[in-house]
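Next up: some structures, all given as structure tokens.
Each of the next two complexes has chain A plus one more chain, namely chain B in the first and chain C in the second.
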Partner chain A sequence: MERKAGMHRPLVTYDLNPSQYELHAVIGTCCNGAGTVHLARHLPTQKLLAVKKIHLDAQMVDMKYLEHEVLMNRTMSHVNIVSCHCTFVHDNHLWIILPLMAFGSSSDLLAAHFSEGLPEAAIAFILYEVLKGLEYLHSKGVIHRSVRASHILISAEGHVCLSGLRFAYSMLQEGQRSKIVHDFPENFVNSLLWSSPELLGQSFAGYNTKTDIYSVGITACELGNGGVPFADMPVTQMLLEKMEGCTPQLIDMQTMPELQQATPGAHGEESLPFQRTFSQHFKNFVEVCLSPDPKNRPTASSLLQHSFFKQIRRKSGMESLVSLLHPVTPISDVGSVPTQDAEADLNDITANLQSVSVETHLWDF
Partner chain B sequence: MPLFGGKHKTPQELVRNLKEALTYLASLNDREEKKAAKASDDVSKTLLAIKNMLYGSVDQDPQTEVNTQLAQEMYSSEMLLLLTENLPKIDFEGKKDVSQIFSNLLRRKIGTRMPTVDHICQRPRILKILMDGYKNQEVALNCGQMLRECCRHEDLARRLLYSEDFYKLFKYVEVSTFDIASDAFSTFKDLLTRHKILCAEFLEANYDKVFIDHYHELLISDNYVTQRQALKLLGELLLDRHNFTTMTRYISNPDNLKLMMNMLRSKSRNIQFEAFHVFKVFVANPNKPKPILEILLRNKERLVDFLSKFHNDRSEDEQFNDEKAYLIKQIKELKPQEEH
Partner chain C sequence: MAEVMQDEVYLNYERPEFEHPSLDDIDPLDYMNDFDDDNFAFITKIESDQIIYQPQKLKRAKLIGKYLLGDVLGEGSYGKVKECLDSTNLCRRAVKILKNKKLKRIPNGEANVKREISLLKRLHHKNVIQLHDVLYNEEKQKMYMVMEYCMGGLQEMLESAPEKKFPIWQSHNYFCQLIDGLEYLHSQCIIHKDIKPGNLLLTNCQTLKITDLGVAEALDPFAESDVCRTSQGSPAFQPPEIANGDDTFLGFKVDIWSSGVTLFNLCSGKYPFEGDNIYKLFENIGKGEYSIPEEMDSLLSDLITGMMQYKAEQRFTISQIRNHDWFRKKHPLTLDYVHPPPLPGSEDCTRTMTVLPYLDDLHRGEEDDLGDYDDEAVLSESLVPHEVHPEVVECTPAPCTAETASAPSPTHSQTKPKKKGNVKKFQFNACKPS
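Entry: the complex of A and B
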């Protein structure tokens, strides 16, 4: 479902002014540490929001990429793609005002509680929503290139959004549609594990939207297993394994029968790792997504018809996601996260004062 | 011909449908919301069909002959003007399709002739509407994209540069919304750098209006991004050999030198660094006018001291270190001008 932006006036307007936003605890970082994501309150409506504050003068900030990410966010409009309310510059910080995704990212969920993976039903719901977002991007000729658990955000109500458009690439450029892409994204190190063999291979054959489908497959394993495949090996070995067509798998009692005999009895069944059986549909889903030949991978649209998604309860999907995520709870109020220590603010002020007062080099005009 | 059979429409039909739907949509007022939604749907569907015809799809290459007809229909029905005029009424995805249709058409070539460029040259109103688009959040980014597509063509870039509307960009690059300001700056930069000779002539002919009346405001802007980008672009413009005359004028003005010396001491490291790249041109000038030389002489010790501590952590940037060493040497060797 595409949002018909521009048809109606928005009910809430977000002012381009920092005084409208009361910043609270830091709930994340971005831009290699040059930015912080704050839990914030929009004062006029008292609603909770997320404010991304990026220090533009920091060395690791590349303005070109920031501009690209903001532009991509602005030109893509779909319920499953994260949208920003507004962006403005204050002092030397860029403020990006975003809706609060109170469960954080799906990778936060793994870290918070599900270290051995999420329940299959939760994964089905999450990936279904992700694929709807991808279907939209692909229909616009855009390749996301960085699908991974940390780029999937979940709201308090269980609404799922794809973020991380920094690496998104439009295949419609210079008045033409290109069928294959050769561009290798810069500063891509953190996303290599999720990348398809054809993107990593940088061969003459190039890659297309199917590279995202491969990343969905890796993300499915990440969400199912609680860890990213290939994470335990050096990058070069990961490259080789992918090129040679090695396909990662979901870990359960069937794919890893040796786990059954691992340590029986002693502490009861509950202490055994990976005590579960994923459905055949899920395993098949992962397998087709990870087909070494991109031609054999289905499109996002056809994957939405995959039998893996039959288990989603259409009407109560979002609610059941929230209950499946128990005992993890979303951020519900500014008090639910420890507040930012006042010292950091103080440091900011003193740093500013210093830079103003050190006037050892007054010029003589 | 399978393409024209069944549900596929001919270029003539598509353009006619678009014109009808668009004219109808434009005639509706704000209270006729339901009718407008339906008309807007029709417009967007037709725009998508036209875009797909021009660009082809994943499994169908674009067809040259069909596209030639389509372009002809677009010209003869004044569709480009109609689309730009009514852009705010078109829905979100439709606006993006307009911009992509525009950019495909603009690149059309028949031998050495560029029919869409000629078409727009004869309808400068299109350029004016696009430039004014920056005033409206809803269309700013779409218009920006189309403007930069126009900038690629010298004839259109010339019209944009030499129109009064060009000076509006100095306001647009400073608007509070980051994405719109950035987009406007890209357009601004493209206009001032893409066609070297055109740009050099323009800057020379309009030096006072551009640099004294307008550019200065950007350099002292309260908006960090505007200031930093303007300063960086200034450095690029002055160092481009095509702009030699402009550079000479700029570095003869003591006010400009004072501004750069103050910016060397900005609290932002990036601004200090960009200011250095402008400041160095003043010092490297072998024929420094008297007022410039006097300022440098008056501050000789302080400058040497300042520069020797300036960004010393950039040890890996060889060019910067060479330039800095050169400047320090030059400043140390400065002598008062002898009276002739």
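Entry: the complex of A and C
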């Protein structure tokens, strides 16, 4: 599937012309509300795309980060990193043409259906792909810095991509690759919960690519538990807990046996997912990712060998991800609808979208 | 109840020492207070009726606006500088706390601060300190200047270095950044007038920041030349025209001279001019005779000579400095890198956040403390039990000079005689213990 996509891509040319793209429903916002993400059709090929339209004169647009994100998107080339087809400026708006990731982000999946967490097999597949993307970024000397569920996008075929390169930091500065980094982005508020203690600490010790591994650990908890650890407290307390070495963990019958007794009467069916048990491999994976000392965290490459990923079926991984995500369906299931029936098409898509991405504002890629 | 359970999820991970049965009935929150870090050892839960004596070091949370205060980083000329944390985006910051009472005692104190704030607000450069926020507390007559966090200054690093100097490549790195920042300031028509290692700070990633624009002068954008009339900078770094008490002098060239003295100091650990008191010092500077230490190579001595020309008109311009071979040369790295020293009373070379114990109090402190959160005065007063006269405190490091320095200086009517900041600067930078 990946190879196929790679073969097809060069054959399609994306013109730097807005008339080539027919915009449909808004499927998300980005850049603090200055931009919208549209479902769009590429007229020459009739293929569905995502178009990010950012109002460049809006106050909340931080050009520095926007430029950086586009630059990163265009320089990084890997199957597990979101790539943009093209970008152009039209009428004060920056248009970024992206492939449609029809399932939305993994955080949309949690919001739409899996409020108690995704099935372990799906998480294993998603994180495996994310780690492949990270392995690539790290090999290029790039630290992603905001790995989280809302930055993991899934296509209709079950292809997983890492997005959100706005805060990606290149360790190559002035021709030299630094070993540690001290940069702390000021408008990083939305990603603080996933950040590693060494990044948050802002000390002379600095941080390196291992900070992403910590974020993978938090994301694993997010996908497994259905909610981000530390989300229930002020960020300052989260900082304190992380700096003291407090480590979140997966919630299941073993880690929280009291849930089993406490829940049936209290919440009824809602708490049924807590009757689950995650594998020891998964728990160990989370534990090593969240080691307080970055030296004890494995690299992305060595994590790919972790026993947690043995459950992935090599050949049919993507198909099984799609089936695991049932009953959530991807946007592109709308299929090719005749253009004269555009109104119905639009309604159909919008209706479908509502089932997919409830928390559309998180679709910020 | 739900909250406690949530906490347990995150707390009861595999920590065998917590699985002892006798600990079962202890509130899980208490575990957090018992972490092995020494900083937390004094925060333990004691029943209120058992409290006979409050440990002095208790760190009470203080919020100034959205900023949570941490430990003292240093004493500026007008007040304390504390570390703080922006509680919304978790950025580390430094806050300069200015007391109106103190400011009024300093000649030009208020005017200098006002000017510094107005200057800093419009300056944006990698090598000039960034002012993020200014807060006022009318009731307590205090002002807070929230600035970029820096891990240390060149002065304290020099003092901690074995020969009170940096290896050449390290000096070169700082000097290049100083020139970058200075060029920006001059391009904005600002004369710093107090360039010296004590006013050069470093961030975690070794970016140099020019700070303390308290005595800086902004030229009229339409002024025909950079002629200035006043100077309040540190004596040892002043050029001959100021030492001789000239009525007017060229502003930009003052900064060039001071940067030359700074470079001299960074590379050698010495000062070109010394003197037992301010008169002797100014006398020596006025003569303009200094010798370059032998260990400096010819390129470096040529650059310093160019920057420290007796006649201001003959001194190098910034572009001449930039084109100088020593500036452009790539200096070989050596292993004798001078590291910023830990804060006094600490051994932490990486300078981890000092706000953590205060955060602990903020989130886990006892209910009774809530009333104190906004009360910055309580902390500062309790740490300084008896109000010592500020001048006396400042003078203690080198009492021998206190008298001479605070005496009026009749020879230079331009130089402010009894400025507290100057007294301190003079002692640290100009007077070598003999």
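A few notes on this one:
Operating definition for what follows: the second predicted complex is superposed on the first by the 312 of 365 C-alpha atoms of A that agree within 3 Å, B and C clash if a C-alpha of one lies under 4 Å from a C-alpha of the other, contacts with A are read in each partner's own complex, and residues count from 1 in each chain.
To be clear about the criterion, a residue touches a chain if its C-beta (ideal position, glycine included) is under 8 Å from a C-beta of that chain, and two chains touch if they have at least 3 such contacts.
What you see is a predicted model; the values in this text were computed from it and never measured.
By the touch criterion stated above, A:Gln202 is placed in contact with chain C alone, chain B being left untouched. In the superposition on chain A, no contact is made by A:Gln311 with either chain B or chain C. Contacts of A:Gln20 after superposition on the shared chain: neither chain B nor chain C is touched. In the superposed model, A:Pro229 makes contact with chain C only, not with chain B.
In the superposition on chain A, no contact is made by A:Gln275 with either chain B or chain C. Touching of chain A by both chain B and chain C, each in its own complex, is seen for no residue at all. Those residues of chain A lying in contact with chain C across their complex are 181-184, 186-189, 192, 200-206, 229-230, 232-237, 239-241, 243-249, 251, 255-256, 258, 287.
Those residues of chain C that touch chain A in the complex are listed here as 3, 5-6, 8-11, 13-14, 32, 35, 37, 40, 68, 85, 87-92, 149, 151, 203-205, 340, 349-353, 356, 359-360, 362-363.
Residue ranges on chain A touching chain B, taken from their complex, read 2-7, 16, 56-57, 59, 63, 67, 70-71, 74-75, 77, 86-89, 91-92, 94, 140, 172, 174-177, 179, 352, 355-356, 361, 363-365.
Within the complex, the chain B residues that touch chain A are 37, 40, 55-58, 62, 88, 91-93, 95-96, 100, 103-107, 138, 141, 149, 176-179, 181-183, 223-225, 228-229, 258, 261-262, 265, 267-270, 295, 298-299, 302, 305-306.
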